[in-house]
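Each of the next two complexes has subunit A plus one more chain, namely subunit B in the first and subunit C in the second.
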Partner chain A sequence: MAAAGAHGVAHHSTTGIDNRKLLMWIFLASECLFFGSLISTYLIFKGKSLVGPYPDEILDIPVTSISTFVLLMSSLAMVLAVYGAEHGRPRMMKLWLLVTILLGLTFLGFQVYEFRTFGHEGLNLATNQFGASFFVLTGFHGTHVGVGVLILASLLLASFRRSGLGREAGFHVEIAGLYWHFVDIVWIVIFTLVYLIPQ
Partner chain B sequence: MATTAGTLPAVGAHSGLWSWLTTVDHKRIGALYGVSAMAFFIMGGIEAILIRTQLAVPNGTVLEADRFNQLFTMHALTMIFLGVMPLGAAFFNWFVPLQIGARDVAFPRLNALSYWVFIGGGLLFVSSFIFGGAPNAGWFAYAPLTSERMSPGSGMDFYVVGLLMLGLSSLIAALNFAVTIINMRAPGMTMMRLPVFIWMTLVVAFLLILSLPVLTVALIQLLFDRSFTTHFFSPEEGGNPILWQHLFWVFGHPEVYILILPSFGIISEVLPVFSRKPLFGYAAVVFAGVSIAVLGFAVWSHHMFTTGLGTVPQIVFSASTMAIAVPTGVKIFNWLGTLYGGNIRFTTAMYFAVSVIVLFTIGGVTGVMHATVPVDTQQQDTYFIVAHLHYVLFGGSIMGIFSGVYYWFPKMTGRFLHEGLGKLHFWLFFIGMNLTFFPMHFLGVGGMPRRIYTYDADLGFDTWNMVATIGAYIIAVGMLAFLWNFVRTMRQAPSAPNDPWGGATLEWATSSPPPEHDFDVVPEVHDRDPLWYNRDHGVTTPAAPAHLHIHMPPPSYYPLVLGGALLLMGIGVLSHLAVTALGVVIAIYAVWAWTLEPTD
Partner chain C sequence: MTSETHGEAQLSEVRHIVPRIGPRQYVIIGVILTIITAIELWISYSPLGDLIIPLLIVLSAAKFIAVVAFFMHLRFDHQLLTRFFVFGFALAAAILFALIALFWTDATDAREPGAAHVAADAKAEPKAGADAKAGAAPKAGAAVSVKVTVKEFEVAAPAEVAAGAVKFDLDNAGAVPHNLRVIKSTQAPNALPVAAGAADESKLQVVAKTADINGGAKTSVTARLEPGQYLLICNVPGHYQLGMTTRITVK
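Take a look at the complex of A and B:
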């Protein structure tokens, strides 16, 4: 019966780790190679652009530092949401889920602003190797943040049902949190390699 | 769950089209994989026959150049992504839960999804023949041949979208099998008691999980180059065509082991059973498989020796490539050690398994030959490479897969394939493949390049090309013998007992074919060869309770809906982005409904 206790056919696992959590961890291993390849491409093309604008002319480190800070804080909010979910405090969970979503959306807003500004300054996918590798790398990262926002929003929406997120609320929020923190960590790598290390 | 009355869940109809479209049963999904992959395998075979017919005589006129390019490209893509990989997946589906003593995979609906995405990607690929021409730049799709300017048709767009879908399907399946093997084992089934086939499945799953994202990135970049104005791979704009080769082979070399390790796993099951002896050096075989996988990520540049990598990288990649021969050799000797002193029964499955040892060794030896840089520089792009890769892919993978087909057919269907016809099939395949591919060594050393649609009469290529073509037709006759055997067998009544071969692993402990819930009582494992241990130590399986209360996941149509949505997204990339948007909307709906669907 326990709808929330549905583990498919397995009610316990060999390792003691829930199947779904293991799935997420292994999936994130795959994602490491995905972003690793995109980042490698960016680094291979570093300094190989034939025409400008070049990164040091166009990257706005102060603005992106703010959006990076926003994304880092969203991880803190995510931790608090998981805490609330795991300790039977649904109001706390809902509040911090909402904050995480808003911070995620703010980060995406910054990215839209950044992409538009770059566009006005003459950098697009076709301009040079920097444009191509930068937009594809950060674009796919932004897409991942967007998917994360969708997952968290779904959880938030579902938590307003009468049964809330059910007995496994903490578990569901924790899995979403794994994904969210991963996307955050990837951004720290991207921010360091693309923005902070001098060209 | 306990509220569900009766012995089996409310599955509804157990037959009919709808039950197949909504099934989440790993055995049914395995059957779907097997039959679809066999159909694609025949399609790839027809492509091969057309290629060989064109090349049978000098200045052949059967095919024109562009059609020839499409056929060799599609032959490789079909055999690799639509034939051998899903045939492996069919066995993974069937035997991972059965051999580890589970009732299903960890995520039954994801399992169905991986099949539907595979079918979508496969049909998309094949439909390219109708819509403006199939991909024609080779399965490796080297830049800048794939650029909009060099390949203006839609063939390469089909390549990108088709491979993205097939990659997604394989990734989903790999994640599922990895979790299943790590987390769903029966009591007592420790990692070092896992059947070698399961170990190889786990290794293949991790190879897929870690290599497919690299291919995905390469394909995304190619898609952006062709459709969204970037210049990742066009040198005149500052792009780097060698980057494609690196990304492609970082995926492509692990892919080679993705294709061969399932076969290694299968024959590591077949050889002990028909030698009536446990596998010689179990741990060595397992660790050899794992080392092959680890080394497999460190050898990709041996596909690129002629691109001017520089001396040091060439030496490093040459050495790492030769190093792979060591764990492979360990396996070969362990199989020989298994046969040595065994009480051997020469069934058809055993014929195929033994032939893998012979044929794969030939392919392995030529592999070490062109791990040597100066030798490879001579052999690059000649028929010598074609000979090598077919000895490992046909002699290794395909022969191993057919060994598995004959071995497990009674378990899967309850019926025996006819042994006489099976041996006819074997000999036609064995003789045919050697006639086809051995002369290609001579052709390659003699200087015949790959991927040319014809050749002149006075180059000394005539005789061996004719021999190779005759061999290809013999293989085709062998395939007909198999199909006849299949049809003939399926029309008979089931007659197979639970354990017709005296097998050692858990799948033989249940009925043939197994019930939907696989095992009435989840078996307890005491040894690496659990059934032999039970036989020798007088352990009897506890009788099934009179009333089984086994909860199985109910069927679901959301995998089909989500698979369809992903196909729409792919079609949209090839036609109009509005179709993609529609696909995204349906996909989001399907994921939502999927999540909320009760599985109790």
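Take a look at the complex of A and C:
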């Protein structure tokens, strides 16, 4: 096991990888299965609705393209925050963490707008197969973005302590970054399969 | 390792890998990702036809790989991490393909759960929970039967039926395959929107449908119908325009 919490002492593990990082990657691999199942469900059910609204009537590709761009840019901000943390530049880290959080919140704002619009147009979880599978898929993704925002916000808050994020600042921000980037790549897949590919 | 008294000796020091890539390269990658997204958007509106889907998949895979390799540092990090992640991703992709293959040709959605128990002629395998709309299929035995006969090129059925569970017994008296679509519509029988040689079901409220059945074959489908105007059509391409449509009023 890693010598967790030992200050200044090198961690050890059987693999030469920090166990916490290994855990995060295995978690992300399992998340692939989670989202893979939801995406499969959507692709199977989207064309089986007996009543409208149907996907081609309601999905707003231009608006979603902007929110996709926002999430992509949040990934760029995240990686810059990781760079700052790993290179002993706390101000750079804080700035880009803040930018990442704001972009994440902007993405969530777009999603709230989209869900409300769909609601007004008569599409909700119970309307048809498309609505059910669409809201479950994008809702779970949005929840992941929300959890990511909370993780990053807690890191940002902690970084204002006198001791900052401690000796392992780079490591903590990197692990949070892995989660954040994963949420981004899931959206890359959802944007293509749900929005861009013709219905 | 666990059997060793001195397990510690088997441990190796954790290597912290700091990638040799900096803000400049990250920004370049961010710009490339943005350009790819713009190209994807253009492709989705372009008249490229069958090329659209493969192009979009290739481009989004490129974005996916770029983020994983450079932003998540997998390109520089321990190979074991790549193996774990690729394994999880491959399993997810396998599930996706398996499920889509399973449901792609599935026509059981339109059939009545337990149909084989109700109709002696129905060859449908009972499939619970396959119905696309909750409440669309009544309990076995509760349905009123309506005989629908199809042939080239007409649909014959009673003009009226009582509201509630209705079982359409479809009889193909023709020589070529036909099917049945029950559509809730007040439009004239020959005025439905048409796409690709058939009535455009994506624009219609199809409340029940059967698979294509060969000449001489029979099948059935059950739907719970509210009072209103419905059309019964055969939607094998070309057949609807050739006159395989009739109105049925549900009272």
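Observations
Note that in this section the second predicted complex is superposed on the first by the 188 of 199 C-alpha atoms of A that agree within 3 Å, B and C clash if a C-alpha of one lies under 4 Å from a C-alpha of the other, contacts with A are read in each partner's own complex, and residues count from 1 in each chain.
Criterion: a residue touches a chain if its C-beta (ideal position, glycine included) is under 8 Å from a C-beta of that chain, and two chains touch if they have at least 3 such contacts.
Treat the numbers as computed from the prediction; the structure is a model and nothing was measured.
Contacts of A:I188 after superposition on the shared chain: subunit C is touched, whereas subunit B is not.
Once chain A of one complex is fitted onto chain A of the other, the partner contacts of A:L125 are limited to subunit B, with no touch recorded for subunit C.
Touched residues of subunit A, counted separately for subunit B and subunit C, are more numerous for C.
When the shared chain is aligned, subunit C comes close enough to touch A:L28, but subunit B does not. Look at A:P198: by the touch rule set out above, it reaches subunit C but stays clear of subunit B. Once chain A of one complex is fitted onto chain A of the other, the partner contacts of A:L43 are limited to subunit C, with no touch recorded for subunit B. By the document's definition of touching, of the two partners only subunit B reaches A:V136; subunit C does not. In the superposition on chain A, A:T14 makes contact with both subunit B and subunit C.
Looking at subunit A, you'll find residues 2, 10, 13-15, 17, 22, 26, 29-31, 33, 36-37, 41, 44, 48-50, 128-129 touch subunit B in one structure and subunit C in the other. By the touch criterion stated above, subunit C contacts subunit A in their complex at residues 1, 8, 10-16, 18, 22-23, 26-27, 29-30, 33-34, 37, 40-41, 43-44, 52-53, 56-57, 59-60, 63-64, 67-68, 70-73, 78, 80-81, 84-85, 87-89, 91-93, 95-96, 99-100, 103, 109, 132-133, 136, 202, 205-207. If you check the complex, the residues on subunit A that touch subunit C are 2, 10-18, 21-22, 25-26, 28-33, 35-37, 39-41, 43-44, 48-52, 54, 56, 61, 65, 68-69, 72-73, 75-76, 78-80, 83, 86-87, 128-129, 170-171, 174, 177-178, 181-182, 184-185, 188-189, 191-192, 195-199. Per the touch definition, subunit B reaches subunit A in the complex via residues 1-3, 102-104, 106-108, 171, 175-176, 178-179, 182-185, 189, 209-214, 216-218, 220-221, 224, 228-232, 237-240, 243, 247, 250, 551-553, 588, 592, 595, 598-600. Listed in rising order, the residues of subunit A touching subunit B in the complex are 1-3, 6, 8-10, 13-15, 17, 19, 22-23, 26-27, 29-31, 33-34, 36-38, 41, 44-45, 48-50, 124-126, 128-129, 131-133, 136, 140, 150, 154.
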